[in-house]
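Look for subunit A in each of the two complexes below; its partner is subunit B in the first and subunit C in the second.
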Partner chain A sequence: MLSFFLRRLKLALITILGVTLIVFVAARLSGDVVYSLVGDAANTEEIDTMRRQLGLDRPVWMQYFTYVGNVAQGDFGRSIRYQRPVTDVIAERVPFTVQLGLTAFFVSIVLGVSLGILAARTRGSFVDGAVRTIAVVGQSMPHFWIGMMAILVFAVTLRWLPTSGAGGLSHLVMPALTLATFPMAAILRITRSSMLETLDAEYVKFLRVKGLAERLIVWKHALRNALIPVIALSGIQLGNLLGGAVIVETVFSWPGLGNLMVESIVSRDYPVIQSGVLMIAVFLISLNFLVDLIFGLIDPRIRYG
Partner chain B sequence: MVEPAVNVVVETPVLEVRDLRMFIHADRGTRIVRAVNGLSFSLGAGRTMGIIGESGSGKSMASLSILRLLPRGARVEAGEVLFGGENLLKKSDSEMRRIRGRHIAMILQDPMVSLDPLFRVGEQVAEPLRTHQGLSGETLRRRVIELLGAVGIPAPESRFDQYPHQMSGGMLQRIVGAAAISCGPELLIADEPTTALDPTVQAQYLDLLEELQDRTGLSLIVITHDLGVAARLCDDVIVMYAGRAAERGSVRDIFERPAHPYTQALLSTLPGRRAPGEHKRLKTIDGQPPDLAALPPGCPFAPRCPRADDRCRTETPPEIALDPTHMAACWYASDA
Partner chain C sequence: MTWQSFRRFPWIPVLLLAPVVICGLAGPLFYPHDPTVVNLLAPRKPPAWLPGGDPSFLLGTDHFGRDLLSRLIEGARVTLMVAVLGVVVAAVIGISAGMVAGYFGGWIDNLVMRIVDVKMSIPTILLTILIGSAFGGGLVTIIASIIFVFWADYARVIRGETLSLRERGYVALAKVANCSSFTILLRHILPNLFATCMVLFSLQLGRALIVEAAITFIGLGIQPPASAWGLLIAEGRNYLATAWWIPTFAGLAITMTVLGTNLLGDWLRDALDPKLRQL
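Let's turn to the complex of A and B:
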């Protein structure tokens, strides 16, 4: 178990290093932050001064090593735009994204798994067909479109919910449901197919031969077996939620990390972009590790080593 | 009143199947496969019935019909399955659940996939006892360990908490057996009990089945394509062909006086005793079993039968009784 953990840690460090390098270079390829800071009237001298102040006059590889060195010491730099430490800027956005993401994740798991089981148990029926239609529609509609339609219908026309921004629960409803549609549909589909496969397994037949009640067969045995691929996919979907959050937060002006990332890219706020992506990478890597640990809890055949 | 000369004990059979017919909708309902076409037999208490046949002869479907555990798209069309005098085909689903595992148990073909990989084997043996007899806690655990011991598992206490992947095929077959007999069923159906096992373990497992039967007095149905297994275990044998009984009788009738040309052909495929150095090709039966979705008129074996004539190709032969316990579905059965 310890050696498994150490090996994963080593891989994680390599991945993170790669991510920082790519983001570092890509951010600088997107354009020069200095020009957007000094304005059109600035002369060459002012531009050079500004560039020196930000440390952007040195070769990119030197900047990179300074950055990595600083990060290793816990210094993530200052936001060029906000003139405050990056950690502060990010920290005030994270809770919003966590709230939005977890709500969407919870909704997509609960709906996806229960509808998936329902469809599997009523295979071939009208209910099954309806649920599968929901899944296809949910996976086909892009977030921004669902978001705009939701605003149009529920906020503008019906006036049930606020159009945008963060606030009480009413502000959370539309962005969370919009963000949940895609993962919900994906989880639904895999739950259905995995459950169908499990219900056809020989050991399920033997459970029936033993005379067990159908609810015991479905909820105790079949579900646990069927959940293995569902958990793998849910981990991936929770990661994808962050990508979806960038769009959904923009559509609904939700003040989360995704919104911050878009702002920072537009204004070329390199330190915020770098640390934001770094944080997301660390989150995804931890998520994968967590999923592997959950597998071990469910499936006795899995050994770490 | 006249006393009968011999004191005949008329006991009700444990299981009586009458003219069972079932079909399967295949290829999205475009083809109807008639897997069982009028099967009848009866099984007395403590006796062992062998159902022999090639794959696709309907033997597994017949046994699944008895337990009413047919796959999707399969339906029993007609017939009666009398268990203890009651027609199982008329029972509700919940009544059937109370019969399965408690009164009729079954062992599936492949022990390696018969157990849920995520649960400890002890728990899987315990489940029917909890469901049908309401056992729990330490009583349940002790009973399971006792059962594991009874099916010949060494150190049953330590095996209780193991998972299926930690055990060998022979061991798993015993676990499956323990789960099947846990509630003391009157009837046990063993579907190809030895096919998935190594030859060395096969014999041990047959011994175990016999021993369990001696000890508990249960009736046994053994479904097999292995004539050796049938000869060794069974009192009575049904030879199935194309969903029907081609021939049925006592194990001696079938193996010593086979009357149906199919049975005779089957027996001739067995490798006989050979002198040292003698080489003989194994015999095969020419032709293919018929397509159950498009059964020809007449005797289903006619196209492969050396003795078939025009009558065989047009009229389906009834079961012809050769003596009270031996019958064959062949027009020429009594000529043999």
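Let's turn to the complex of A and C:
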């Protein structure tokens, strides 16, 4: 187990280093930071001084190591727009994205798994067809369009829900459901196919021969095994949720991390974009690392695979 | 055509995609109006069947009085071109990288898979925002983003397939016959990857359309005055309460196309190789 742990840890650390490299290159390509800091009126001397202060006169590879060193110590630079450390600007937004993301994640798992089981149990029927149609159509609509259509129907026309912003539970309903559509459809499809496979397994046939109630077979025996690929997929979907949150938060003016990122494009606040991407990537890598470890603990085949 | 093959033909995806492809290829033949002509006397006219609608503007007009139907047809060309170009280049890069990684193994496999890991750890939209911050908005960003995002999926899947294909008897025989690695990859392995590549291409095309629209929506993709579906939705956002038809029809066009490619991908998967169900 220890060697498995160390192997996975090594992979995770290499991946994080790779992400810092990409972010660093993007930061260099996005233009000279000096100009955005000193302003248009600065003369060459001021620019040179600033450049030395920031260490931009040194070779690129040294700048990269300095950057990695700073990031490792939690120094992500300053936001150009807010003139405050990037970490502060981002930290304010995180709770909103966590609230939205977790709600959507919960909704997509509950709906996806239960509809998936329903479709598998009624295979070939009208219900199965309807559920599968919902899934395939749900995966074909862009998030931001679903969001806008929801605003049009429930906020503008029916006036049941607020159009945008954060507040009480009523503000959360539309963004969370919009964000949940895509992962729900994905989870639904995998639950259905995994459940169908499990219900076809020898041990399930034995349970049927034994005369066990179908309800018990499905919920007590088959579900446990059928959920393994669903759990693996859920990890991936959490990453997709964070990406989708960028779009959904923009549509509903939800003051989270994704909204901050899009605002930062408009105001050309590149340090915020780059650090935000880095932090989210590190979070997802750590999460996948943990999921891998848990899978390794549960299933020895993965450990030696 | 026998009744059997008639029934198995993927009618739904073909019917969904045919109008889009025809508009993309020969759009200018069908314009009811010139999609770029501004008519400030007729802004935000509702679709023809609603009160106040004008029969010559079937789906209504946008905020500059441009004919919405013509802009949708024009948008098909731009939207499809960007998605197809991006996915094709991504496929070429991803298939090559995946085959080389899977066939040779060792450090090159490690390198490719670590790059794939890095890509997988950054959510798609955030990766495109990062690319946008480096290159600015526009067509280059959008195509670069699609390539960056989608090559890794090809590389991962193709690598796995190549790993199992290289153990086959005919590859061993080709080696005995003194074929070069290049010949083996091109003549003996690549043709066997055809089914996988087609299925992936179809499924990714749909995803690429959504990514493209999303990038355009947040302002990093296709810029006005072009007509692209994502752009129409973004423009329509400001007129949601007064001119719902602008974003609605563009979104329907995207949904129809993506649904078509998704269903076509599913059909191809079942028709070409039922073992590919996990794709």
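Some points to look at:
We take it that the second predicted complex is superposed on the first by the 255 of 305 C-alpha atoms of A that agree within 3 Å, B and C clash if a C-alpha of one lies under 4 Å from a C-alpha of the other, contacts with A are read in each partner's own complex, and residues count from 1 in each chain.
Assume a contact is a pair of C-beta atoms (placed from the backbone, for glycine too) under 8 Å apart; a residue touches a chain by one contact, two chains touch by 3 or more.
None of these values were measured; they are calculated from a predicted model.
Look at subunit A after the overlay: subunit B and subunit C fit there side by side.
Working from the superposition on chain A, the subunit A vertex angle toward subunit B and subunit C, CA centres, sits at 80° in steps of 10. In the overlay built on the shared chain, the residue A:W160 is in contact with neither subunit B nor subunit C. Counting residues of subunit A touched by each partner, subunit B versus subunit C, the larger count belongs to C.
After overlaying the two complexes on the shared chain, residue contacts for A:A201 are found with subunit B alone; subunit C is out of touch.
By the document's definition of touching, of the two partners only subunit C reaches A:V19; subunit B does not. Once chain A of one complex is fitted onto chain A of the other, the partner contacts of A:A213 are limited to subunit B, with no touch recorded for subunit C.
Once chain A of one complex is fitted onto chain A of the other, the partner contacts of A:F5 are absent, as it touches neither subunit B nor subunit C. Touch criterion met: A:R301 reaches subunit B, while subunit C stays clear of it. By the touch criterion stated above, A:F106 is placed in contact with neither subunit B nor subunit C.
Of the two partner chains placed by superposition, only subunit B is touched by A:R224; subunit C is not. Taking the two complexes aligned on chain A, the least Cα distance separating subunit B from subunit C is 11 Å.
In the superposition on chain A, the residues of subunit A contacted by subunit B and by subunit C do not overlap at all.
The residues of subunit A lying in touch with subunit C in their complex are 11, 14-15, 18-19, 22-23, 25-27, 29-30, 136-137, 139-145, 148-149, 151-152, 156, 193, 239-240, 242-244, 246-247, 250-251, 258, 261-262, 265-266, 270, 273-274, 276-277, 280-281, 284-285, 288.
Interface of subunit A with subunit B (complex): residues 123, 201-203, 205-213, 216, 221, 224-225, 298-301.
Taken together, the subunit B residues at the contact with subunit A in this complex read 67, 69, 72, 97-102, 105-106, 108-110, 113-119, 127-128, 131-132, 163, 165, 176, 179-180. Taken together, the subunit C residues at the contact with subunit A in this complex read 114-115, 117-118, 120-127, 129-135, 206, 210, 213-214, 217-220, 230, 233, 236-237, 240-241, 244, 247-248, 250-251, 254-255, 258-259, 262-263, 266, 277.
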